[in-house]
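Below, chain A partners chain B and then partners chain C, in two separate complexes.
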Partner chain A sequence: MMKRFNSNWIGLFLLVTAWGYSAVRFAGISSAQALEEDPDEGKKVVRILHWQLEPGYREGMQRIIDAYNNLPHVEEDRVEVRQMAVTERVYAQFLNVHLISGTAPDICEKGMSSILGSGAQLARFFEPISGYVQKPNHYNKPEYMPGGMSEDLLEALDPEGDRLPDAIDPELADYLETSAWSETFTDGMLGGWDDTLQDYIAVPVSSWGAMRTFYNIDLTADIKAFLEEEYDRRPRAGWLTRLIEEERMVPDNAPFESWVRTPDVPDSLGRFIVFCEATMQYREAKGVDKLVPISASSYFTGTMIGNYIVPFTNAIAEKLDVDHSSNISHEEIIGGWQTGLWSFDDPHLKDGFFDVSRWLAKYYPPGYLGLDREQAARRFIHSRAVFITTGGWDASTLFDGAEGKFEVGVIPAPVPIEGERWYPYSAGRQNEAESKLGAPMALNKESNHFDWAVDFLRFMTSFSANQVMNKEAGWIPSVVGAEPVEAMKPFIPRTEGVKPSMQVNLSNVRIVDHVYKGKFPLYQTGEISYEEFVNDVEESYRSDRNGVDRVWHETFVSNRDRARQLERSMVVSRLRGQLQGWDEENTVKHNNILEYSLTILDGHSTKAIFYKYFPDRTFPEY
Partner chain B sequence: MRSVQTIFLLLDEGWVCIDGLFTFPVPMTAFSRYSYRSFCCLALWCGAVLLLSGCRSEIRLETPREVVDTANDLVLSYKIQEARDLLLNHEHLFPDAEPLRPDFQYILSLSLLHSIPPERGLIERAEVDMVDMAETYPDHPRAPAAWLYVGRMRDMRDYSGDEPRLPEAREAYERVLERYPDSVEAGEAAARLAITFMKRTEDQREDFAKGAELLAGWLDDNPDTEQASSLSLFLANIYDAHLGDYERAYHYYQVAENMGFNNQGNAGARYWRLLELARQLGHYEEAVAYGKTVIREYSRSGRAYEAKLLLEDIREERPEMEFTIPELKSFNELETE
Partner chain C sequence: MTDVPTTPPKRNSQRLDRLWTRTKHLQKLYLLVFPTTLLIAVLGYYPKIDVIIKSFFRWQPPSVNEYIGFNHFVDAFADPIFWSSFQLVFIMLVANLFKMWPGIFAGVALHRISNDRLRYILQVCFVVPMVIPGMVTLLIWKSFYDPDYGIINRLLNATGLMSGLDWLDVKMPALATRLEPMMQGPIAGIFGNLWGLMLVGAFLLMAANHGDVRKIRHRAIGWLLGASFLPFMVEQIIFRSGGRVDYRVLAPLTLLLFIGLMWGLVRTLGPKWVVWMFLLFGAVFGFRGMAFEGGGDNYIALFGGKTAYLRLFLWMGITLAIAEGIRSVRERFAAEATLKTVGTVVFVIGGLLLFASSIWTTPTQQFSQGTPAWLGNKDLVIPALIFWGFPWINTVGVLIYLAGLQQIPIDVYEAAELDGIGPVGMLFRIELPLILTQVRINLIFMTIMTLTTYEMFLILLGPNGGPDNRGMVPGLYMFSKAFLEGKFGYACALGMVLFVMILGLTVIYNKYVKIEK
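Entry: the complex of A and B
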């Protein structure tokens, strides 16, 4: 009888082979490093690691890397910057392993990695840079500015002559030259700030831009013409009458009529729904079977509903902010539900947010949850969808993809206006005033060429280099006064609207979010009723094991751990004060951490809120 | 000094990552069955790890001064475990008669306390060393900080199963306040002492009023302390969020504001709360001033738009008040603020 092959041997074989290969590689590279301080022919190689594989980003970065590598003082010191782009699917593993083994690149984009988080763990691997950011950026001196830079540098940065102006406003030039490096960023460098450390830990080199809705201008005009015909038809088209009279999507008034008679994109949520329904009718009338109004996917920005959490839950959030922090915590959300401060019957939710979500889902492609980010973008680029919602990071993909096919427009997600169905439940648009810059580049503590790494980041975030890189990438620059490409201007954050942190985001409440996330799509697509959806979610909230009581416990534990993290940061700032004197910077930093630490009461702030709601209950323990 | 650090990491994605030079995926099916072969395989693997970790080099220093300075530098770089290992490896250099012994005990205790993961044995030793240092060298410049940390070790839950010992923690904080009232640590000790009354444990119900009263008393006696703004803000938050005493909350928010908010990143939210409270308490002139501050100086707080709406409401409610409402700034205008 033949013996059955044991698959464990495959695993063992792979392990032994991998171990052997690893050992040989390690020994080889270690001995090379031992023999020669720099394995790359005496060059000082500065590596920059990032995950931005969007079209244009690597090319933009490479252009400024080449320009930097050709600067006379850089060449003289035999310094060479190289970029390493790694897909976000393995970025975290790649970075974790290299940080722990001490072989990480000199500059790493901060993010993705779960072991880094924030606070002391982050500072263990990356260098806090407060000491650097207070000094001006010497690459903003006139010799690196448009109008003052050498021919060679200009040729390297802007060979086509379309990325930089001939000269810049002298007042702006003076500001950039004399201000602290941190003050030359459009967000004051908040994108590189870590609250737990109370320090700058990274240098943000680009802005991801705000969330926007892209639309196909050509298709919009065609569908608007179709809508106008339908509007004028006598008797008026049944679907339109139903939306206006039964569903009360829009008031049948002069402003609506005048909007119908223009090729303009919808500027309110009611008109948006009318337009989406018109698209469905247009598809049927013209026989374009694959056309859908909205290209949606399972990507985190893949559906439009994310735009409506703040507008429809802001009023509830204002009631829940019991600690007056202008932020709604998990415990405030669940405590509010347990004590009846809000419920799923609240019209802001039932008749507002959830109703909107179901209407929008009617206009997504069938099976949209099985589609990914690329598929959604492709649908839009191939004119099989009129709208797609995403952030500025996808702009170049969409603009480039549509080039030569159709024109792309960009709008903020429309909100309800007076007289429309959802207007009574909406607080209006959320503002984007607190937007922070992105692509934060952190400096590896173990870098052999730390000062050069800092120098390159200064170059990268100088006015000229930053504008060139981001224009090439189609992103928004991070430096004050630097201009994005024209197409990115709609992504500049808006300051009008309510505070975005004042929201009740039920898909984001730890522990109890699983059922919500699972059932919400079923409700959206009409597979279950609102009552069934609410029953299922509330049942999960009431669960003994993984319900809202568990949220209290986990939030307490998380705040308690945070208190220890803050304590660790305070050990360092106090020791610095004891050894080097309490200068103003360290005093402010220490007191800031102290403020955070005191406020959370070693985690007991959670218990305090619990006992406020339930004075006689025992705090849940698991 | 660089250690040989070949690491075999079992990552949660189910991959085995081998050394720091590349990532090599190995399916974990080999471990899916609890056969003796799987255990042999694991043992082989662990043996390899142990073999390689044995190659780690250690830092060897000659003098106590070098040891303490290096440990301090490591802690300042957040390399707390490395500092701990260094200090433990050089403990023999710090007999009782060694002048740097208190510095050694202090930094060792901190590095034991903040090693990750926290362990009972380490933290118990940290407390013993810190108490010994603080009692043996009461005039050492770090003695007040040592007592503060002793209080924190007793106050916080540091490891699984650690129960806060609030009465003992109070003793430590009171030592700071009584023996070192002018130290930098006194303000924090006063706040921590107050917080021990705000916690609910098996032995006590939370008493925010008592805690707040204690801290308010200390702040009245020490209004010019370095942490006065932060402590006033904390006290305002206690009156506001936990005691519902909005008059006092408003008072302490104003005290903090007059001294200047320490954390400018949150100042916009504080001015917003001042605006809300001023309106609620009928201090309309002050409400208008705070509203204008939010719009003009803290446009990035995310509350500027709402401050504008609130000022419009006040103008409607109090038509006798004449004031202008600043325009919201666009994002481009915010850039050079």
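Entry: the complex of A and C
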């Protein structure tokens, strides 16, 4: 009798064969690698880490990295710069883990991580660069400038010939060549400065400019034509009458009429609301499915409403500045609330800011809180929204996405003008002059090629490389005289308006911000009334353990931590003075830190403000 | 003084010698397990131990590391967001009881395929989706929920189900309004509230499952009374104190009391009585703040007291009396079945009334336009999270069920067939009872996952848990405290609280939820 074949043998055969094949391959590759030269052997690899995944940025950075890697002295020393882009959602964890484990890249974009916010935390991992920024940037010498650079470098930086001018103004060239590196930045390198260290800790390489509202020019023209028809209709359209007469959004006067008869975008908040309502009516009348006035998401809601915090809360802020610092702290906000200096019944809040935020939310897409940034941008690009408010970092996404479909315009956020509903509560547009440069790149203390990392940052922030990179990214360059792409010009900060630090931003008051952040969207969408919203928020403020009294305590602790960080910095400065002598730079730095430390007084500045408000109470302890 | 010779050194060396001789043959084994033990200790246990240590520190690496004792735990017990995050966990755990069925059905269906090759192919098909990264699945599901462009709304609109939901959005709140007088009247008057009605059903089920009450010993009665009254006393202290009672004392005391009473009940009455404490815990939640207040004034006279508190105990007594009454007139198994049926009916009616009167009480006004914002509306977030992953066939779960099903001897099936049991009967009478061990394992996995997971909520709803923080779970709160606010020490303390809870639940599952085959 023939024995039946056991099919398990096939499995065993396959297993052994696979194992044998793997073993042979492993041995082959190992021996080949042993014989071959390691491509990275002897190379000095400088890694740069960032989270800018917007279109154009990585390409722009790669272009200047390639140009740098091909520079003769860089090639000679076998230096190679490599970029690492990590999504912002995990950037903080990625950076924290690698910094703590000592494996972080040589250059890291500073930000995202609350742990690495400022002070000693920063100084522990990143190298202060004050010693470098006082010297001129040698990559601004004529041989690296337009008109003077080598053919190879020009070819590497600007192969299409549209990113750099043929030559630059000799005066500007001279300034860039001879000035200290820090002086070559449009903000004097403020974007890389850390107050608690009194030192430059990063090199800002770009600017996103200020917040702006993008709009679809084609749709705007159509809707304006529709609005004109509605305005002229007799009897006038009911919705328009309601907005003008009942809601008092705009005065029915000659300037309004002349605006209605032009294809112009709304230039005031009242007109903006009228236009948004016209868009809703246009959608119904023309059957344009899914069209909304404003593209919003959980991300973009903040950018939209953020434009109105300063204008509407400035008047309250003026009352709260008890330490006369022209900056409203958390202590001043909560102390003001506790002592009745401001309340949620204040018309600037109730009839101003919160009313505006609710009106604007009427024109967001349904369920905007469940949408993300990409979905909102996609809606705008697909002409399903007229407006979207964001910063310059999204400009290239929106411009590129709309290319060939419609024209995109950019305006600053409209504010109320005289005669409009919200005009009595608004202090006017926010001043943007204090805008700092962005994308700050910090140098890892553990870097094996520290000098080369500094060298690359110098190259990155030289006139030519910075202009090329930012034009490619569609961002604003950080170097004096460097030109942005035409489309980014509207993002250049405006210097007139109200001081931005004089504001009452309730969503930033930590400890008590959770309820506010949770309930504010519900109020905006109309799911709860203003009274319910205020009740919930005030109840959380009054909470025994997690209310405003806790904020006092936590602010005190936080300031005490900061004071200790400053003391550590002072100790380092003193030690340096004793070992190397007190040069001018170290003396100034030490005195600045000392002065800054004295304003905090080991956290007792918080207690001083507390006792100013409540002379008879004991300071809350937990 | 003369020197007295001492013996202890000799005794110690003898002991060491004996230990050496006794373990000589095991030394190689110890050597073999040493590397694994070391790795587990360093990579597995050290981080956990560090978490325990750091939970006592105000830890904001790299610069702040200050010992603050139990402060974080006190904060954790007083943190309303942390505790309210368990509400969603509880809902998800209940939902899991329903969501596990498709997996069981899929396992049974696979098991019943007679063609080995086909079964193998289908098994492979079940495993293949596991190679898709979880993040991709999450993002795909997020796009499903897009109000305008998502597939779910499109499907609902195409099939006409959206109009059904819109109809329900009008009718369900109307039903809730119509039920209101009944809730405020008879239900509140007789049972305190709907939770009370459901508890009556649960007590009946307990009475059915836990045997003859007359056999309970005197010592056990003490424990039973203690377990029944003390949680209400604690609840009263909380609500009546007006915040004067220090959480530092109250929170650990409550926890200790709960665990102690559970232990006592289990020791004296048997493992199944572990459920009693959970029932009482549910009762405390259901009657929170109203233990000494009444409802349904018209019915007060009926039960002679204006207290939900007393009414509950009255009902506990009544249910036990009903159970004993039924037992006295019917034989044991029949009485048990009757009690189970009555208990289930009462429980289900309570549940349905709760659903009809308390959940959909106001119109969401989300369905009329055909674009409900599943992740953007506070009332729709939880249904969306429950629906997530439909049809809820978890590959690992199916494989676990399949492994259990394959262990069922063929003669059991044959015997069932001879008894005339059909395919459906086979599922509920043979297969399900015999894979209950696997079901328990899956439930433990699901519980742990529900309590610890945060990625899904972070991706779908953001770090604040979406509108009104409805999607906030303990894991997400812990993550946001650590990585967004930089409060690592506090996050460690929250993790410790969570760890104790998971450990407790797992111990209870393993020790007391016995599977009787």
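In this section, the second predicted complex is superposed on the first by the 577 of 622 C-alpha atoms of A that agree within 3 Å, B and C clash if a C-alpha of one lies under 4 Å from a C-alpha of the other, contacts with A are read in each partner's own complex, and residues count from 1 in each chain.
Basically, contacts are C-beta pairs under 8 Å (C-beta built on N, C-alpha and C of every residue); 3 or more make two chains touch, one makes a residue touch a chain.
Since the model is a prediction, treat every value here as computed from it, not as a measurement.
**Q** Now for A:I10: first (chain B), second (chain C), both, or neither, which partner does it touch?
**A** So A:I10 only meets chain B here.
**Q** According to the stated criteria, A:H514 is in contact with first (chain B), second (chain C), both, or neither; which is it?
**A** second
**Q** In the overlay, answer first, second, both or neither for which of chain B and chain C A:R261 touches.
**A** Neither partner.
**Q** In the overlay, answer first, second, both or neither for which of chain B and chain C A:R283 touches.
**A** neither
**Q** Which chain makes contact with more of the residues of chain A, chain B or else chain C?
**A** Larger number of chain A residues touched: B.
**Q** Does chain B (first) or chain C (second) touch A:R124, or do both, or does neither?
**A** After superposing on A, A:R124 lies in contact with both chain B and chain C.
**Q** Is A:L371 contacted by the first partner chain B, the second partner chain C, both or neither?
**A** Second partner only, chain C.
**Q** Can A:Q93 be said to touch chain B (first), chain C (second), both, or neither?
**A** In the superposed model, A:Q93 contacts both chain B and chain C.
**Q** Please identify the positions on chain A that touch both chain B and chain C, taking each partner from its own complex.
**A** The overlap between the chain B and chain C interfaces on chain A comprises residues 93, 96, 100, 120-121, 124, 564.
**Q** Please give the residue numbers of chain C that touch chain A in the complex, ascending.
**A** 58, 60-64, 71, 74-75, 78-81, 142, 145-148, 243, 247, 366, 369, 371-378, 381, 460-462, 464-469, 483-486
**Q** Which residues, counting only chain B, touch chain A once they are in their complex?
**A** 2-7, 9, 11, 13, 15-24, 26-31, 33, 35, 37-38, 41, 44-45, 48, 72, 75-80, 107, 110, 113-114, 116, 118, 141-142, 145, 152, 155-158, 164, 184, 188, 191, 195, 198-200, 206, 208, 226-227, 229-231, 233-234, 237, 240-242, 262-263, 265-266, 269, 272-273, 276, 299-306, 328-332, 334-337
**Q** Which stretch or stretches of chain A touch chain B in the complex?
**A** Where chain A meets chain B, its residues are 6-12, 14-16, 18-19, 21-22, 25-26, 29-30, 90, 93-94, 96-98, 100-103, 120-121, 123-124, 175, 186-188, 190, 193, 195, 322-326, 431-435, 445, 480-481, 492-501, 560, 563-564, 567-568, 571-572, 574-579, 582, 587-588, 591-592, 594-595, 598-599, 601-604, 607-608, 611-612, 619.
**Q** How about chain A: which of its residues touch chain C in the complex?
**A** The touching residues are 92-93, 96, 100, 114-115, 117, 119-121, 124-125, 290, 298, 365-372, 375, 379, 384, 510, 514, 517-519, 521-522, 525, 527, 543-546, 557, 561, 564-565, 622.
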